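Both of the next two complexes hold chain A, though its partner changes from chain B to chain C.
The block that comes next holds the complex of A and B.
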């Protein structure tokens, strides 16, 4: 993987959900297919905020469906925060 | 007779309220679908019974919530299980198979507490735990002389560490979101509304830690992304065993749910370890926020004595990164029309991750049922209504309509957009503290 942010995001998600990174294809559904519920999502958000020194509005997570959408969402926050 | 063809069936169950407004709300609410998601998983009973079946027989499992029953299947024996709300459907299934000449046996909680009723529809009833009775019944059936009743009370106590691996492979085709695994049996609290002690007794027993770990590995091999829920009524009674279990869980990458009483909050180091080893949601039976109500549940007032500490206990568990899924009951003796707001306010004020509220239901086999029967307060024994979402009793202060509508009011409050946002912020904050942010 040549995207260091993406790799770090996936590492955090993998550590909290205890799901191997190899399962994180872009079109995989976070809740239905990976079983990541709203509680785990908040733990992931709080950890990513710390890892990347960013601020994420937790309610924006409500509408995110897939791994790809989530990664893009966090990457956009990182770009916005760090220019 | 050798190589029996045995079909084990879990009858389809209703999990909805008869109240039309409630049904409409449930069908349209993501959070209510989550409740169904938790409770519609695979139960531990039939895979366990299949595991107890000698290898020479051909056994299959049909979970009617996921599959259609093939009544024309060439089977020698049908085995049914079921909770009370499933009993009417179980009896329909039994009647149909018997009409076709198939022998039918039934176990499970409902047949255990009402064996005479079950025997009106099935050939044999097995009451209590199945580890002794099922193999004995099969041997007698093969010998052509099955009895009508097999009762665990007539057999030696069961050592959980000798139970074979449940046959999860037999239901591998069903896409379960949650698979319920059993690690312990028995609960020392013996609440008066609960009939579980009639099947398992009050004595708390557990499987060996490595035995549970093997089951988890098997479950995760079959359902990679299903959540594992422990079906045990009160999983963490024996703390030494729990630590042994967590040693086993260190190397198994999975997240899980469990049920416990609130005293787990008094063990902060254990909470930290539980979270680190995958526990994400803890179901806790609060039952009521009224002291007088709680005082009637346990003879030793176990829950009543902890009411004052409920908020700090919830904060301790959730602060460790484990979401509390609180269970409450409306229709208890001291409840009045204020109970609905009291429960909603309590849940919202404490940012409880999930809230399940049901109506006091006099399940057969419970102490509560005897008490309400004596008082002539049971208005229906139509088991299809015994989902705990319908009112089947009379109450000194509340009508059935008030209870069913009040239940909906609580759900609308705790799962309102405002509360969902508030809880999301609460948990993000809690996790920030945990990760040191």
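The block that comes next holds the complex of A and C.
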């Protein structure tokens, strides 16, 4: 993996969910396949906000289904916040 | 007018200038209603409900998200003496089949986004839909034949719960259960009118209904209904809204604890009320220190709300406090450490499981309700140890492991299955021949279960036994 943001995002998700990074294929469903519930999702969001100094609006995440969509969403937030 | 609605009217009549309810949105946005506005909205809602054929003796299944509208629907139904069934939007085929078969609601009120899921079940019943704009539409009027006979004036609601037997049951919550619950929670909280209580919990739980909706309504506190558990939004609201009390489950408090910045001050906070699952002694201490609050942890069930709770000025870490006035607890067959099953007796207990006389008979023996939970007394404080029934508390929500096992068995080629908890995850162990590719079977079963049971119940891992 040569995308440092992506790697850090996946590290956070892996640490909080206790799921190995090897399971994070782009098309894996976050809720159904990884079993990430709303509480865990909020902890991931709060941790990413701190680590990247960004703000994530929960309402923008309603349609996100997969690991790939989530990573792209956070990466876009990081780019927006830090130019 | 019932005693509960009379007491609500009285309380709203002397409310003062503070909001009765404030809705905290996911971006931190605020909507508030005062007493007159709330009463107007309840009256308008009763008109809509009546137009939809919902009235006294209608059993109404609710699939709504936290909002002021949800509160208005609940209160309007109670004013009409209809009986709300509190269901979860996460429920899928198995839970929905049980609800519509056993509780037989004559009408359904649902968010529009949930209607496709409900369509096979809602046929022939009244249907009111809450659109994204917050507008309620009568899709199908409730017919007069959908009224349920034999409903007692004492019934306020039917609350879904589990006993570890594999089937969802509807616990009949009586008026005295609500009134008593609010009274003893207020006695422990010792709040004064004009204070506020924030709750990031689903209104479908009885703990939320009694502790967060009715306790504030009856004792003059502004209820702040958080529609988010985003820690940044909630922590920020503590100061902007001058929050005095918070009621949540330990899992939410852990989230807040991990998100609070060192040295961050919350000048108005007084107490954190906690329940729904275990709160470890270290967490109690960390919360007290980080937020400068008194933590009031308690214990209750859908059938008794609450049984015991810590009170201000005398809370003790590791316990669920003193047994509430009006409730008796005894420990059955205690071991050498005084530990045994918690049995409960109270005038204000539930009215049985709706349409499930056998489950009711098995739960109440010799006048004592068998909780299926293990506990002991530490001096005069009760300590909850663990559940002995075949259930698991996940974020304050009960998962019936037998129900999960049955769902897994209906979806797999395996001869038998066991469902266990590993760490914080549900795991299914399948008895399958070695010829079966277990990884493919895991994916296939999880895919089937997505449509069968709530997502939070789907085993995270499925392995060979």
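Methods note: the second predicted complex is superposed on the first by the 83 of 83 C-alpha atoms of A that agree within 3 Å, B and C clash if a C-alpha of one lies under 4 Å from a C-alpha of the other, contacts with A are read in each partner's own complex, and residues count from 1 in each chain.
The criterion applied here is as follows: a contact is a pair of C-beta atoms (placed from the backbone, for glycine too) under 8 Å apart; a residue touches a chain by one contact, two chains touch by 3 or more.
Bear in mind the structure is a predicted one, so any value in this text is a computation, not a measurement.
Novice: After the superposition on A, what does A:33 contact: first (chain B), second (chain C), both or neither?
Specialist: Touch status of A:33: both partners.
Novice: Between chain B (first) and chain C (second), which does A:69 come into contact with in this model arrangement: first, second, both, or neither?
Specialist: A:69 contacts neither chain B nor chain C.
Novice: With both complexes superposed on chain A, which partner does A:20 reach: first (chain B), second (chain C), both or neither?
Specialist: The answer is first: A:20 touches chain B but not chain C.
Novice: Please determine whether it is chain B or chain C that touches the greater number of chain A residues.
Specialist: The partner that reaches more residues of chain A in the superposed model: B.
Novice: Report for A:55: first if it touches chain B alone, second if chain C alone, otherwise both or neither.
Specialist: A:55 sits against chain C, while chain B stays out of touch.
Novice: Classify the contacts of A:42 with the two partner chains as first (chain B alone), second (chain C alone), both, or neither.
Specialist: Both partners, chain B and chain C.
Novice: Can you list the residues of chain A that meet both chain B and chain C?
Specialist: Chain A residues touching both partners: 18, 32-33, 35, 37-39, 42-43, 45-47, 49-50, 58-59.
Novice: So in the complex, the part of chain C that touches chain A is made up of which residues?
Specialist: Residues in contact with chain A: 26-27, 228-233, 251-252, 255, 258-259, 394-395, 423, 425, 446, 450, 455-456, 458, 460.
Novice: In the complex, go through chain A and note every residue touching chain B.
Specialist: 17-20, 23, 32-35, 37-40, 42-43, 45-47, 49-50, 58-59, 61-62
Novice: Give every residue of chain B touching chain A within the complex, in rising order.
Specialist: 34, 177, 224-227, 253-255, 278, 280-281, 321, 323, 353, 420-421, 424-425, 427-432, 434-437
Novice: How about chain A: which of its residues touch chain C in the complex?
Specialist: Where chain A meets chain C, its residues are 18, 31-33, 35, 37-39, 42-43, 45-47, 49-50, 55, 57-59.
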